[in-house]
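In what follows, a structure is listed as structure tokens, so that the remarks can point back to it.
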């Protein structure tokens, strides 16, 4: 079940092929997962989405690759995106996430969700001490 | 504005005082932020909530303290909890988060939210390759 | 701050006046809270929204009035609607919610949010035993 | 499909067995649903999660058991957790929820979600009358 | 898998039959999708929900039918309702949505979700210029 | 209150100045709203975010500018981003949204949120007829 029929032979479009080739090269794997295959219905959207994923997730930056994947999983869980939870949990594992780290991640996500609800339910005013504009 | 009036002299209740003292000791600071002051309306809820925050966030575990704070901020952002975004961004900064790491965190959270929407909109079926039960 | 300027003299419109009068009569109070005053920018939307609130929340039904308010607060918390959390916590209190019940409500909402995240993170398959179509 | 492979013989771990036994005893049933079986990948997380569920949901408190289940279902619906909606709707039914109460629950959840969006869209300022600190 | 068993012969209830007939007439099609078939467990809820869908979505109003469907899809995506994403994407297509418009819709939804997270993470104060009450 | 102190003289950084100048030119206005001023703490994030907003929202595409703003408002409402609801409601008005269209938008967003909850609560299976892969 999907809302966009997968394109029969997506790599016959040279723009799609260029993106798929870059995905394979970047990951060092022949596997191109279904998100990209479905996005192939619009070469522009496919291309700009992959460019951003590559720039943010596959380029060295201030946060290390595993931390970025853990944050990605956390956001995907809270947004309830089953596909993204699957693909990024797999990615985190590929980048070295251990079972103990996975359990720890769940503990933090679950606790944060819990205190988020409590603070929202109490409508707690924000302490002046947290204001970055105070310097 | 709040939905629960802060208790006038919360530390006159010895159970509340014990929690506030533990918060101060654990953080090495006299500051007890307003979330705890509002939770003092129910000593049980205050006590169990703090016990879990201490166990998960202030106890060495598989993930390092800064990574846990970054995940906490990410979850709080997606849940739209202004209070929690403020308190945990401050906590992340206190644990060493640089401005470059903060910007990187925003990039990952924003990108994850973006691809979450795309995958949900396309209702992409989940690749067999992501199933941990296949192992 | 608001996205719709409140109408200067809303009750000069007889349709708005009829709704405000019905709100006052139904609640036995002169107070008409700001949500209704802002909705007065469109008499149709005001009228249909109030009609549904009255039918669901102020008419005897299978669930008692306090239970319905507690559910309303819970939904408003998870949706992060500060206005609604305030107005429906006040309504629950007016319908008899005690401080102990309020704390209990927070415990359930917080726990549910926590296990929601865990189940979503694990992508647990649904037990056949839960399927109502199995009968 | 799952992100954590279920442990083959979970009750060979005495800590897991102790939790499963307590679940069976508390519920008076042999059935241990899949959430707990998947959580068995980390005995600590399994144990602390069950302890909280038991303390909040299976211990007499200020709210009656059915009301707590209805709130749990409401939160799970808004968080979009299919697993939790299934398991807690089944639990509510086991605690006596009638079809008429179920329909009433849906009406309240749906109405709350609706007015949450309207209040957020209008960015209605909060009436002073709702401030518990005024009290 | 469902939480409410579909009613075996729903149209034997004249109130359900009246709604199903109106759905068929309004859409000019014999197809009654599963949401309505499951809602038939409570004729009141079925009837009031359909009445609102018909009034808002199938009655000429200030916004054209396709724009309304696009907004409906967007809300359903953010709420993570798979069923609704499917049914309203199909409806948008039936009302003329092209593949290019679909891709454009995804671009806007994804961008909005992205900047929503950034603004929430920064807790940006709201510019006075946006206040409609200033006007 | 903010989590990132606004940069004192942001346009002394030529990259920030280039973005602000482009914002002014694109909108034909001297006003640069606070989101951009706060994002100036990281010139890269500012620059890439603005580039995407300009490409999606200020460039002719398959959907007309007002429809895109209405979708943007809808997403921002469901995500509970007060800042974004304010800024994009103002933008929609600047692009011609009438009060009647605004009310209609609220009606659709509210109805979608309502039926999203109902479909999620019922866990309705998805009709085969909606599967785009069936063709």
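Every chain is named by a letter (A, B, C, D, E and F) in the order it is written, and numbering of its residues begins at 1.
Simple rule for what comes next: a residue touches a chain if its C-beta (ideal position, glycine included) is under 8 Å from a C-beta of that chain, and two chains touch if they have at least 3 such contacts.
Keep in mind it's a predicted model, so treat the numbers as computed, not measured.
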item: Any chain in contact with subunit C as well as subunit F; value: A, B, D, E
item: Interface residue identity across copies subunit A, subunit F - same or different by half; value: same
item: Furthest chain, CA centroid comparison against subunit E; value: B
item: Chain whose average C-alpha position is farthest from subunit A's own; value: C
item: Angle (degrees, nearest 5) of the CA superposition of subunit A onto subunit C; value: 180
item: Approximate Å spacing (C-alpha centroids) for the pair subunit B, subunit D; value: 20
item: Whole-Å gap between the CA centroids of subunit A and subunit D; value: 26
item: Centroid spacing, where centroids are CA-atom means, of subunit D and subunit F in whole angstrom; value: 33
item: For subunit C, residues that touch 2 or more chains besides their own; value: 1-4, 45, 49, 75, 78-82, 85-86, 89-90, 100, 103, 105-107, 109-111, 113-118, 120-123, 126, 130-132
item: Residues on subunit E engaged by subunit A in the complex (per definition of touch); value: 80, 85-86, 89-90, 99-100, 102-103, 106-107, 110, 117
item: Subunit F partner contacts - residues on subunit A that touch it in the complex; value: 1-6, 126, 130-133, 135
item: Subunit B partner contacts - residues on subunit A that touch it in the complex; value: 1-4, 31, 33-35, 38-39, 45, 49, 52-53, 56-57, 61-63, 67-68, 70-72, 74-76, 78-84, 86-90, 98, 100-101, 103-105, 107-109, 111-127, 129-132
item: Residues of subunit C that touch subunit F when the two form their complex; value: 1, 3-4, 41-42, 44-45, 49, 75, 79-81
item: Subunit E contact footprint on subunit B (complex, rising order); value: 73, 77-78, 80, 82, 85-86, 89, 105-106, 109-111, 113-118, 120-123
